[in-house]
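Here chain A shows up in two complexes: once beside chain B, once beside chain C.
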Partner chain A sequence: MKFRGKMIDPNCIKQFIGILGCMTKLGKSCILRITTTDLYFIVRESQTISASPLIWCALDEGHFFSEFGMEGLSTVDNEIYLEFVAENVARTLSALKVSGTAKSVKIKLTKKLSSPCLTFEIDLPSGTNHSRLVVHDIPVNLVPRRLWNDYLEPEAMDPDISVHLPQLRLMKSIVERMKNLANMATVHVTSEGLLTLTVETEAVSVTSHFDNLHVEKKKEEEASVTIELKRLSNFLGHEQLNPQKVVCDVLQSKLMHLNFLSDSYTLQYFLPGINDQ
Partner chain B sequence: MKCLLDATSVKVLARAIHCLAKIGDELHIEPTENGLTLKTVNASKSAYSAFNFHLPFFLDFCHISENTVQADPDEDTVIKCKLPMKSILSVFRSIGSLDKSVETCTITLPLLEALLIIEFKCKHGIVKHFNLRYFECESVEAEFCKNGYASKFSCSSRFYSETLLSFHSSTQEVTWSLAMDQVHLSNHIDDEVDPSKCVRTEVTLAKDEFVDFNVALCTQVTFCLKELRAILAFAEALKLDLDCRMEGAGQPVLFSLEKTDLYSADFLLATLTPNLDSTATSSRTINNQKKNDVPPQSDVSKHSSPVPILRNKADSRTVSCANLQTTLMPNVPESPCHTSRLNSLSLIEPQLFPAMEDNLDFEMQPPPPKRARARYIFQNCLKATQEVREVSCEVFAPDSEGDE
Partner chain C sequence: MFLFNNKQQFLVRINPTNRQRLINVLHKLLITKTRAGSFPASECGEFSQLPKTSHVKLQQFETFVMPRFSSQNVPVEQNHVLMIRMDNAKIISHILKAINFKENSVFCCTKDGLKVTVEDMKSVQLNAFIEPGIFQSYVVKEEEIKFQLNLTVLLECLNVFGSSGLQSGTSPALKLYYNGHGTPVSILLEESGVITDCKIRTVHFDPVLDYDFGTSNVIGRIIMSSECLKEVFCELDSTSDCVQFSMSPDSANFRITTFGHSGTYHVDIPKASDVIESLRCTSPVSFKYKLSLMKPSIRPLGIAQKVSLRIDDTGLICFQFMIKVEDNHNCYIDFYCPADVDFEEDE
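The block that comes next holds the complex of A and B.
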């Protein structure tokens, strides 16, 4: 198995680090799936109620990498699945973030000290015209072929209603406040483009309304789902990824599905509904 | 000792104390004719640091404590002392507020009062007065000579801290590999940790990036980052260049910085002993065991080869002078203690109670004064005369178990 990719565009590097940072904050361990066209990050938490992955993120290799090469497990299964500890990557990236502008970032699959590693070779500018090479070897586990099925792409689902979310920053600040009141909130969407977020406690009931949202798809007149506020707020913290649009699909009482859409990547977040009755 | 500092100097002094506080637990204060020296050694004796503040740093400086009792200005009136870092740190706690309020600062060590007196004259006529208790003692000395190192390089402190940023803050030790045209840094991975589970980070610094680069010996040294970070905190705040001198694995590295005429500082850090060949280490451990078997109460001077070199007050001065003159190379013996991997520095340390050495455990030095005080106070309790004396007294309630 071989893999190497090189990023030279500062925007791409920034975006890539942002996405990777987002992944590492949301889960303890993260799966990286490498195919000939795309790079996938999959975070799957065991406590997920539904069987689908919690986060599924696909990156277009052509956009991010100026040079790219990979050789999968075999010609039939020309893919690589590897697992890494999110914290290890987060450490590496924190250093990269502070130092700011890297000239280039090379990512390679290497074998050092008898364990497979994902090697980040970062070329940092130093002084006026020098450069400094920083190499991080992050140990990874290769996922055996028989377990690949655990990380299959989630099936396209048929939402009851699908709307575009309002500005994430706005939503985030509201969700942050609601989080202090209760653990759960009910999301309710209607076919007229109204999204309400309701928190109910013994003492108070708070509802925020977002109206005139663009409705992308409607099967039912309305749909609602109860979700865990902490998870929603964790995810909304990543508004700095600056997606072009965020689509929210709701499947009555079952699932809230957030989809970050951009030219170069898609990021899906599955929030299972809670049956509180 | 009596000295007067202006506001900018106070700030530098405060930063120096903050830096030393991150390294050791006790601050040694040593006034000399040429200025004031502040020193510390960390608990494991792997890091020694000394700040020398030269005369131009002070508005006024006198190293001799004013003597009103004795007529002759004896050498003994120069008070050398140490005090817990916590107490002095409380005086210089906030550098920011010191900077804003203090106009002048007077530090005195008067002979009569046995106190370290620090007085801040602040704005609006506020005077802050601190009296600190100290232990009178000879200061520690490390034997080193700046010219004795094979490799030397220097660059701005900013450069070092940028380099260290690549390492995660939990990284404790970094290995520096010197080559003719570059320095290679990598995080040191403990033997106890599974190497396939931890991240390895490597940074390569080219020769051109340094202000001054002179490596004569390609080598690999490993030492703690904690002290270096403390040094950098000081140097970066004052935008100073930092010189680094290295010899070889197992031998200490020396960091030094200087502000022309005003002050200079030296930091001697012990490095890890490499375990390259097992035979050498095993033979050494046997040696160590033998050495350790020597009864500890035997003459202290016999222990000249294992670390730490301890000399009592009487001979410390003469020996240290001789060493400074004769040894050009940093004189650090092989690690004597196989349990600690990090070498200790060869230090000449003061002993508080030289007379008590006959039955003191070699490892326990100097005895904590608290214990000594306790021994004094409770000595009556431990005396044989405290044996329960038969005191004839009337028995009101006889022992019920006693009668068969």
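The block that comes next holds the complex of A and C.
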């Protein structure tokens, strides 16, 4: 198995760091799936039986990498599945962020430290003509073929209602506050493009109304789901990814599905509904 | 959503967003009320036929409940005994944040303004006074309206759109209303087209201490810049249990003393200095106060322009902080703390 990719465009590097940062904050362990066309980051909820992923993120290799090469498990299964501890990558990222813009970032699958590693080679600019090369080796586990099925692409869902989310910044600050009041909130969307977020506690009930949202799809007149505020707030913290739009699908009582859409990547976030009855 | 009056009747204001929830709550409520025997069984019978599915049409529900139970109640909007409207909710949250050293707060509204009291252990008390001029509209229909609620929750609500400083960031518009004893305080906030409505439950009202601070008993009074006093307060020796304020007609200084492990510190502020605007003292004053009890005064001190310090003959100290909130409006926060008797006896 082989994999190497090189990024030179500062915007791509920035975006890549942003997405990777998102993964590291949302999950403990993360799966990297490499195919000939796309790079996938998958975070699954730990300690649950449900096979559905929490995050599913697909990156277009052609957009991010100026040079790219991979050789999968076999010609039939020409893919690579790696598992890494998100925290380790977070450290690499902090090195990247502190030093400002890197000239280039190379990512390779190597065999060092007696285990397979994902090697980040970061070429940093310096005051003098000498360039600095920072190398991070992140130990990874190769996911055996028989477990690949655990990380299948989630099936296209059929939402009851699907709307575009309002400004994330505004929504984030509201969710942040609500988080201080309660653990759970109920999201309710209508086919008229009204989204409400409600928390109820013994001391207070708070409802925020966002109206005039663009409705992408409607099967029902309305739908609502109760979700964990901490998770929603974690996710909304990634507004800096600057997606073109964020689509929110609601499946009555079951699921809130957030989809960051951009030309070069898609990031899907699954928030399972909590039964509060 | 539910308003109970003491006759076990209720008015349901239907909010489409919570229909399913509402029905569920109604069902639960029915069961508990029936068990408690406080709900006439005849009415229950009809209630139990409420559709249980989530696909009930809103109209169905409305016709089912409204005519029967809302007939005796005038529309909710006209029931307000208190209505406050302001264009910038930041101002009120700025003031209230400064007194939020305990969760419980008592609101007292009269035509002269709004007074919010937070106290601890029936001794230390912080009062915020907000004059009606700060609000765009302030309607009080009764002589005095008092209610108690969780101030921390109120502040979370007021800052729902973000809480950067008074000048910067967002400034949501606020409408607050209250319908009288036993009802929640409703708050509507609007910012960039997004509306948030909050209903904060009021709790049983505990009377607060009324410090009778008559001007005749005041033996020492200083008006000074809060900046200077804040610096002094922040640097007080924290190993000391108490802090002593002293002044006398003969002395040239206002003295603040701490008694810590490493020694006794005096901070002397000369009467003639620029930071003291006026100092009046009729007889020598020297009282000690628990340092821990003085702590809640630091936050209002931080946002105040000026502070007036008064001590009466029993040692009760009162700080009055003047806080400039808008071009020509000031808010005031009072801080009361009684002198520590134990320390007096030690001497």
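Annotations for the structure displayed:
Note that the second predicted complex is superposed on the first by the 272 of 277 C-alpha atoms of A that agree within 3 Å, B and C clash if a C-alpha of one lies under 4 Å from a C-alpha of the other, contacts with A are read in each partner's own complex, and residues count from 1 in each chain.
Rule of thumb we're sticking to: a contact is a pair of C-beta atoms (placed from the backbone, for glycine too) under 8 Å apart; a residue touches a chain by one contact, two chains touch by 3 or more.
Predicted model only: the values in this text are computed from it and were never measured.
In the three-chain model built by superposing on chain A, chain B fits alongside chain C with no clash.
When the two complexes are overlaid on their common chain A, residue A:114 makes contact with chain B while staying clear of chain C. Judged by the touch definition given at the top, the superposed model places A:137 against chain B, while chain C stays out of reach. Applying the stated contact rule after C-alpha superposition, one finds that A:92 touches chain B and leaves chain C untouched. In the superposition on chain A, A:244 makes contact with neither chain B nor chain C.
Once the two complexes are overlaid on the shared chain, A:75 sits clear of chain B and of chain C alike. Within the superposed three-chain model, A:149 lies out of touch with both chain B and chain C [touch as defined at top]. Here chain B and chain C are compared by how many residues of chain A each touches, and C touches more. When the two complexes are laid on top of each other via chain A, the two nearest Cα atoms from chain B and chain C are 11 angstrom apart. When both complexes are aligned on chain A by C-alpha atoms, no chain A residue touches chain B in the first and chain C in the second. Across the complex, chain B meets chain A through its residues 159, 162-163, 165-168, 170, 195-206, 208-209.
Interface residues of chain A facing chain B in the complex, by the touch rule stated above, are 88, 91-92, 94-95, 98-99, 112-115, 117, 124, 126-127, 130, 132-139.
Note for the complex: chain C touches chain A at residues 1, 15-18, 20-21, 24, 54, 149-150, 153, 156-157, 159-162, 191-201.
Against chain C, in their complex, chain A makes its touches with residues 166-167, 170, 173-174, 177-178, 180-181, 186, 188, 190, 194, 196, 198, 202-212, 222, 224, 252, 277.
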